[in-house]
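Contents: one structure, followed by commentary.
Order of writing sets the chain letters: A, B and C. Residues in each chain are counted from 1.
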Amino acid sequence: MKKRLVIDKVLFSLIILFSFITIMPLFLILVYIIKEGIGIVNWNFLTGLPKPVGESGGGIFNAILGTAIICLMAFFMAVPIGVGAGIYLSEKKEGRFVELVRICIDILQSAPSIVLGIIAYLWLVKPMKAFSAFSGSVALAIMMLPVVVYNTEESLKIIPYSLREAAFALGVPYYKVILKVVIPSGLSGIITGILIGISRIAGETAPLLFTAFGSPHVNLNPLKPMASLPLLIFNYALSPYPEWIKQAWGASVILCFMIFLLNLLSRIGTKRWKVTL
Amino acid sequence: MEGIKDRIFRFLIFLCASTVILIAAGMCITLFINSLPVLKHMGVSFILSSDWDPVNNKFGILPFLVGTLITSFLSLLISLPFSISTAILLGEYLRKGRMAIFLQNIIDLMAGIPSVIYGFWGLLVLVPIVQKVEIKLNIIPYGVGIFTASIVLATMVIPYTASIAREVISLVPDDLREAGYALGATRWEVIRCIVIPHAKTGIFAGVLLAFGRAIGETMAVTMIIGNRNQIPKSIFAPANTMASAIANQFTEATSDIYVSALIGVGLVLFMVTVIINYAGRYIIKRLEIK
Amino acid sequence: MESNIITTRRLRAYYGFDLILKDIDISIPRNRITAIIGPSGCGKTTLLRCFNRLHELTPGAKIEGKILLEGNDILKLNPIEVRRKIGMVFQKPNPFPNMSIYDNVIAGYKLNGTKQSKEKLDEIVESSLKKAGLWNEVKDSLYKKGIYLSGGQQQRLCIARALAMNPEVLLLDEPTSALDPKSSAYIEEVLVELKKTVTIIIVTHNIAQAGRISDYTAFLYLGRLIEFGPTEKVFTAPKNLQTERYLSGKFG
């Protein structure tokens, strides 16, 4: 009996130990990023442009702006289609076509990000014969799409049918029942899904490698190459210049901060827009 | 009897759903068509040959397949004790309370860190450490290579496996647990004899999904695997995975057949991840229905 | 002789191939409370849902025959128009969770996009809530979410929501079955008061409730209308053996 209790204690301690080791990397990475990167983050770093190799200083404004523009474009592509498809699935529920849509969402969800880069390259970069921010945002939009569809469907599925009935009984036409009763009731879940989707794509590098490509300049034209934070970190991290590596740490701080902020927002949003059913 | 606006609305959401199908189908078709040149050129040896020599137009992707499998498998092995421990801790011991929320948040944060930052950190912090170990062990101190990549990959998939395993463990009915306790079992005995057996299919599915993710993971691996196109001779050797080969070589590919070969790698990678993911999801869906 | 507001002719309703209602011929008298009773699965709720054409929203559902509202066949009208004239209250209170009490009452106007002046809306809200017997309890918290009211209050809010559209007929589908006896009793009082202005059709499981508040009672069994007449007569001297057995609690 005593032996059994000892085993119980030992294994519990082991589980605690392993769990503790599990969360160590996060702290190690965060501590390291902050230690190396925070020193360089200042106003010039945030608003300045990259300087040529050899000159010190310079900033990452082009990359911050680029990430924002590329994500925004992806947002405007993925959200309407994703929410629409989510509504469709939650309304239709079953049938062959619905099953096909679900399978396709699973396919999109499991596609490796680098493959999405190839797709956007073949669909847009190759025919247009130029790297472009737009092609990058298409790749990211495809990545974001299944997240938005899934979350929309899940949050609309739990809206009780009685609410729809109540609206129908008031003589409200179908599209208004969906737009004004069902969607507002499931809004918190939909918004959370969108924010999760954005935070998922904001840190992505692989789909941008041969689409948005990167650029040392501030560029507002979506049909030209554009910088982005993850791309800049990748390029600087592999460079031989200590100055650039330093800047890559700084950029990592900014990127992590942005993504944590998005995560936080999605949590607050879940509570803020939550509709009690 | 429906109004015109209702019909337009129904049509629009149908259109959105159709777009999803179009994109997925378009992806498969595009990848396939653009891989055709290399598939014709190489035939079966595209998968079976270990000779990847773009200069002489030889494209055998076996080194990448082997590299991908070893890296993913190794990372799963490394991560498993940690992710399962965390899942048991969260799903069994700490089911509520501040500590549980704290731990769950940390795991979510870990999942949110971009791949490129994991790679950057691995390159600057982990690689020198591995190099020192390799010097001690008296092997060529590359630093970069399969081993380092697997460690970084393991940290990246832990949150994923842990979350799924936790879900599955919390699906185990409480009355089963209570039945165990009522017989005088200790907590560990309940976990080992009741919870784990009951949840093992689901945990397996979670591991499968994590495997799919590890296979497709690109940036971190690209930065620390060493970019070498040969079948690795040891787990400390540099190599390439399918994803890292594409990332490293796509912009350098000059000839059409070289590009086609890399797209072919993409096609194989895509098929492998889709199949593994489908299997994982299928198992989980069946569990949820039960 | 009473004047009738709704008359059905050989009304049949299907779910897929199942015939739920078999040739129902019934005439609902104006400004009276008509109770529809019968054992579970007899088609009472389906009959109610035919009157405002909610039945056909279920996939595979179909209606045949005629339902005349003031002489017009509602099966030939736009269902949306029909539903604005015939209000409905459901078994479980279902206020819109994203709307305040005020907005819930005028939901019919808001959701249909009917423009009304603020004063007019205020007036509608006040009069509807008064008719539903809720005004005094909520007049100071009109902008709170309706979902935070008690079950009985929520159900009266749903009645107010239906009344706000000025319906000619109010359908109630077991409106008190999810409520405690006190709330139920209050809603019964409200309904009796309401029949001055609107025709009420109520489906109920509760025979005593039908006896207390209804003027007419229809007894449905296995999709057929077995007996229909003034409640007093149906309850004290039923013509049909099955009605008698049901009312005396022998089955159902």
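Throughout what follows, a residue touches a chain if its C-beta (ideal position, glycine included) is under 8 Å from a C-beta of that chain, and two chains touch if they have at least 3 such contacts.
Only a predicted model underlies this, so the values are computations on that prediction, with no experimental measurement involved.
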| item | value |
| --- | --- |
| Distance-to-centre winner among chains (Cα means, whole assembly as reference) | A |
| Chain whose mean Cα position lies farthest from chain C | B |
| Chain A and chain B: spacing of chain centres that average the CA atoms, whole Å | 17 |
| Rounded Å distance between chain B and chain C, as computed from the means of their C-alpha atoms | 56 |
| Centre distance in Å when chain A and chain C are each reduced to the mean of their C-alpha atoms | 48 |
| Where chain A touches two or more other chains, by residue | 173 |
| Touching two or more other chains - residues of chain B | 3 |
| Chain C, residues touching no fewer than two other chains | 80 |
| Parts of chain B lying in touch with chain A, wherever the complex brings them together | 2-3, 5-6, 8-10, 12-17, 19-21, 23-28, 30-31, 34, 81-83, 85-86, 88-89, 93, 103, 106-110, 112-121, 123-125, 155, 158, 162, 186-189, 212, 215-219, 223, 243, 246-247, 250-251, 262-263, 266, 269-270, 273-274, 276-278, 281 |
| Chain A contact footprint on chain C (complex, rising order) | 52, 54, 57, 80-85, 87-88, 90, 92, 94-98, 107-108, 110-113, 145, 147, 158, 161-162, 165, 171 |
| Residues of chain A defined as touching chain B within the complex | 4-5, 7-8, 11-12, 14-19, 21-23, 25-26, 28-29, 32-33, 80-85, 87-89, 91, 97-98, 100-101, 103-115, 117-119, 121-123, 142, 145, 149, 173-175, 178-179, 199, 202-206, 209-210, 230, 233-234, 237-238, 245, 248-249, 252, 255-256, 259-260, 263 |
| Chain C partner contacts - residues on chain A that touch it in the complex | 160, 162-163, 165-173, 176-177, 180-181, 184-185, 187, 275-277 |
